[in-house]
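Take a look at the structures below.
Each of the two complexes below includes subunit A, the first together with subunit B, the second together with subunit C.
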Partner chain A sequence: MIEFVNFYLFPALAIGSIYALGAVGISMIFGILRFAHFAHGDLMTLGTYGVLAMAAIVPVNPLLLIPFGIALTIVSALLVDRYFYKPLRELPTIYTVISSFGIALVFRSIVQLVWGSQNQVFFTGVKPPMVLFDTFRVSVLHLQAVILTAIIAVLLHYFLTVTRTGRSMRAVADDPELAEVSGLDTAKVIRWTWIIGASLAAIAGTFAALNTSVHPNLGWNLLMPMFAAAILGGIGKPMGAMAGGFIIGLAEELSSYHWIGDDALISPSYKTAVAFVLMIGLLIFRPQGLFKGRLL
Partner chain B sequence: MELTGLFFYAVSLLILGGIYAILCLALNVQWGMGGLFNAGIAGFYGVGAYTSAILTTPASSKHLGGFGLPVPLGLIGAAILAGLAGWAVAKICVRLKSDYLAMASIGIAEILRLVIVNESWLTNGSLGLSRIPRPLADLTTGRMGDVVFLGFVWFVVLLVYLAASRLHDSPWGRSLRAIRDNEASAAATGKDVEKFRIQTFVIGCAIMGIGGALSAHYFRFLSPTATDPLLVTFLVWVMLMAGGSGNNRGAILGALTIWTLWSVTEIFTNRLPPEWATRSSFIRMLLVGLLLQVVLQRFRSGLLPEKSPPVKFRKE
Partner chain C sequence: MKKLTTIVAAAALLGTGTAALADDTKIGVLMDITGPIANFIPPLQNAADLAVKQVNEQGGLLGGSAIAVYGDTTGTAQGAVDAAQKLVNVENVPIIMGSLMSGTTIAAAEAAIIPAGVPQISPTATSPAMTTLEDGGLVFRIVPSDNYQGEILAKMVLDEGLKKVALTYVNNDYGVGIGETFIDAYTAAGGEIVAEAKHEEKKDSYRSELASLAKGDAEALVVIAYAGDSGGKIVRQAIEGGLFTKFIGTDGLRDELLIQNVGADALKTSFFSSPTSPAENPAQKALHDAFNAEYGEGADKAFVDQTYDATFLALLAIEKAGSTDRAKIAEALKEVAMAPGEKVGPGEWAKAIELIKEGKDIDYEGASGSAEFDENGDVGGYIGKFVVDGDGYKQVEIVE
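After this line comes the complex of A and B, so read on.
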């Protein structure tokens, strides 16, 4: 039991919060701009490298340097939207999907060009886990990830339900034409979508990198589970995407627990396939997601 | 001596160009005619490559095999299996918005890669398959074998091209374009949209499998790390966009143009000092990514724009 909590449940929650933060951006972009953003994973990578570059100069806890990563992702996301996605807005959205596919590669080659393609780490050595109630040994990082994600979830919920901008974002996600004729500032809504999506991407990327290591494929490898989480939560439902992220994270990690007998239920090498299988199941039986999102 | 080197360079360029032309024709069926976004080209390519390799290699204790079938049968097997994989994806996703198909196709490519890496009884894992035979290998010896293989590849390109043109001109192709351009009105005239889309996707994937199989026979060795899956997928997309989606000749022209650009720039960048030579591949990737953006925004119809086939009336 204790082994289950220490080695499976807490890592799973940490991974779940990484997926949750990434999936919120994907779900909001899909809901408001109506396209699957294939460059979201590589946007995460870019933010992570921004934090890494600052960490080389300022020797403090990398979590404190996340704002630099956020600044980098926000600027890149807004520039990319302005120069590459916006000109395609009038066309069928599939052209924007193709474009974002290309942007993913552009982001990655920039990262490789500037920082090289080798594995890098924020710190070396092992950090002792924190002992809770004399029984549970939890990595500090995992705890930080889960707590920060919870705080972000509360703030995001407040932003979307109380502030004017947040409410217009939900209106545009519901019905863009109606929102436009009622005089909502669509350009502002789109700008805020990118700002939120890009900030959360930088945070998620940094946690993912602290959990393992920094490499140019970091974000791309997370893209699939994040799409699955966004669909699971229902497109255009940020809170649903959060829940979806945790469900996918738990399902992935717990699938390799020895539920029956002594062997892992599913070989850990197939861990990443779990998210995909869940996504396929959803697309067949419940494409609108668990929480009644919209089916585009 | 310089001249023979150049000759064989051109041969290898044209062989790979031909393989890319096949992939590009396949994508043209899916995207150019059917408007379906496939982001998992590398996955279907991989299925084709492994199927044909396993069917044609001599027996080995390290992986499934020992069928020793002739290469053309390997190609057919590759097409069938890749088509089946495509059918599974299409069956699930075609009724949804095309973005979902894109996500699912990238997911299936990822799963197929996991299977290839992990199931070593089937594929010998990351060590790869070797001793894959070439077709018509006993005609010549040494480097002339490449020239024979070049002929074989372009013979297959010709067959695929003829099939694709026939599809393009046929009533089937016309219905497909109608569905692509206006799904509602095509459905209103009684076209089974879902059935047409599944057929399109399966045909495209089967052709991609053939392309993969040819590459296995060309390199004679196959391993999961041999090619960067994303790069293959991406290059094919850029080729089709630049060449002209919807036009079969455009697809072949785009494949040859982009592949020549991609390979020839490699010659120049390899002469750079070593610390720049490794980085130059990223610069090339960056430029190809930007090229796609330019094509999408300014030259959406490509080098050879789509042309509707002329309507022919039967003579009385």
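After this line comes the complex of A and C, so read on.
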């Protein structure tokens, strides 16, 4: 039981938080702008390097420097949208999808040119885990990630249900034509989509980097599970994406727990496969996702 | 991925500051510039550039200049194939030096380099799968096969008095190759592997793997993976979780990044095996002096010797063949690397072209060894045992 919490449950929740935060952006962009944003992983990478650059100057806990990463991703996302995605918006969405692939490579190359291609770490040494009630050993970072993600989920929910902008966003995601004829400011909705998506991407990237190390492929490697999470939760449903992220994270980590007998239920080598089998199964039986998202 | 390669190649070209002229000869340099072993690469690029620079200062290649054209494998099989295809088809290079990882070397060789009939020489690809590769005599390496490193590692572990270990290895050509030979050698010599787990690259958490590895009463954890990817994360998460304190790694883990990541204190009792250069080798000293004179430091970094030697051999092979004919170069590579012949060492390009002009056979004695290929393009060599010393590694033992 203790082993389960220490080595399976908490890491799973931490990974789930990273997927969840990344998937919100993907899901919202998919829902509102109607295209799969393949540069989202690299947007995460960019934000992480923004934090890393500040961490080299200001020696405080990197989590406090996340706002700099967020600023960098928001500016980049808005510029990219203005100069690359907006001119293509009237064309079939496949043009935007492919151009987002290009943007992904541009982001990654910029990161390599500015910061180099090596692996880097925020700090040297291993932080001892926090011991709770003398039994549970939980990494401080994991606890921070889970708590911060929970706070973000609450704020996001509040924003989407109570504020005018948030409600317009949901309206556009549900039915863009109707939203447009009702006189909603689509440009503003799009702007806020990018701001939220980019902010959460920077936070997710920093968590992922603190958990492991910083390298140019950081976000790209996370893209597949994040897409899985977004689809699982239902396209255009930010809360669904959050839930999807946690489900994918939990499925990956918990499937290798020795539920029956002494051996891992499924060999840890197949972790990734477990998450995708889950996603495929759901797509077959419930194609709109858990939270009744848009059908593609 | 193409765009990335182009940028890297362009940056590399700008770095050498040479303008492409008609009589210049290109040599392909395939490296894992991004990806799990990215931290190894900067000194290795310097090593390859140094070889090219010495050639150009001492009479040039085939009467013109030599130019290194870089390709980045991104540390993945697909990236390796893309980069290699660009080198052989677009840049039309007659020989390729690289790449470093076993997986990328084999992928590039099978999908792009062998079909194009281009000879390839890898400085560090250690997988046993390279030995049996159907390469038509085109693929060489100047580092001993992991059949060898796995056995030596098993012996080192037993010599430390460790009879029970847990083992985890990365599921690619490198990890599986060395992992399987380690298991065979270790159990045959009386050791017991109490837990074993193959793991996938690029995951964020290896805690579930570690939890099952820690089940037995293993005295240490043997990690066969790259420090820039799964290896570093496994060591860190094992320490965080209080599961293991003693680690045994191979050349992939012996990366300064690992020390930056977990700190030297945590690695005090750990040790690492890695292909190395023979002790007391005058050729190595000559190379290290030239390298440090050019770049200030870094000659003692992992695989500098092998990378320099492989690049220098590739250049010698072109000169010996007298043209950029790919088949001739493959033959010439064996001639310049192997005895008999007049000995040539690192940096002795002027001497080498003089001898070639006179029609004499030459035998390159490199910093990493004498590079005598067998029929599979493999070499014997040296394995060193390394421990952490400050923020670097120190060699404490050497085995031929």
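Note that in this section the second predicted complex is superposed on the first by the 296 of 296 C-alpha atoms of A that agree within 3 Å, B and C clash if a C-alpha of one lies under 4 Å from a C-alpha of the other, contacts with A are read in each partner's own complex, and residues count from 1 in each chain.
The rule is short, and it goes like this: a residue touches a chain if its C-beta (ideal position, glycine included) is under 8 Å from a C-beta of that chain, and two chains touch if they have at least 3 such contacts.
Fair warning: this is a prediction, and the values are worked out from it, not measured in the lab.
K.L.:
After aligning the two structures on subunit A, examine subunit B and subunit C and state clash or fit.
P.N.:
clash
K.L.:
For A:109, select first, second, both or neither according to whether it touches subunit B, subunit C, the two together, or no partner.
P.N.:
Both: A:109 reaches subunit B and subunit C.
K.L.:
If you stack the two complexes on chain A, which partner ends up touching A:269: first (subunit B), second (subunit C), both, or neither?
P.N.:
Touch partners of A:269: subunit B and subunit C.
K.L.:
Using the superposition on chain A described above, determine whether A:178 touches subunit B (first), subunit C (second), both, or neither.
P.N.:
After superposing on A, A:178 lies clear of both subunit B and subunit C.
K.L.:
Check whether A:95 is in contact with subunit B, with subunit C, with both or with neither, and answer first, second, both or neither.
P.N.:
So A:95 only meets subunit B here.
K.L.:
Can A:280 be said to touch subunit B (first), subunit C (second), both, or neither?
P.N.:
first
K.L.:
Go through the superposed model and pick first if A:118 touches only subunit B, second if only subunit C, both, or neither.
P.N.:
second
K.L.:
May I ask you to decide whether A:150 touches subunit B, subunit C, both, or neither, giving the answer as first, second, both or neither?
P.N.:
Neither partner.
K.L.:
Looking at subunit B, which part out of 164-172, 182-190, 236-244 or 272-280 clashes with subunit C after superposition?
P.N.:
The answer is stretch 272-280.
K.L.:
Return the residues of subunit A at which the contacts from subunit B and from subunit C coincide.
P.N.:
102, 105-106, 108-109, 112-113, 117, 267, 269, 272
K.L.:
State the interface residues of subunit A toward subunit C in the complex, per the touch definition above.
P.N.:
Spelled out, the residues of subunit A in touch with subunit C are 3, 6-8, 11-12, 14-15, 18, 102, 105-106, 108-109, 112-113, 117-119, 121, 124-129, 137, 139, 208, 211-213, 215-217, 221-222, 253, 256-258, 262-264, 267-269, 271-272.
K.L.:
Help me check something: in the complex, which residues belonging to subunit A touch subunit B?
P.N.:
Subunit A residues touching subunit B: 30, 35-36, 38, 84, 87-88, 93-95, 97-99, 101-103, 105-106, 108-110, 112-113, 117, 220, 223-224, 227, 231, 267, 269-270, 272-273, 276, 279-280, 283-284, 287, 295-296.
K.L.:
So in the complex, which bits of subunit C are touching subunit A?
P.N.:
Per the stated touch rule, the residues are 1, 3-4, 7-8, 11, 33-35, 38-39, 41-42, 74, 171, 197-200, 202-212, 215, 227-228, 232-233, 236, 239-242, 257, 259-263, 265-266.
K.L.:
Residues of subunit B touching subunit A in their complex?
P.N.:
Touching subunit A from subunit B are residues 35, 37, 39, 92-93, 96-100, 102-104, 106-108, 110-111, 114, 117-118, 230, 234, 237-238, 241, 279, 282-283, 285-286, 288-290, 292-293, 296-297, 300.
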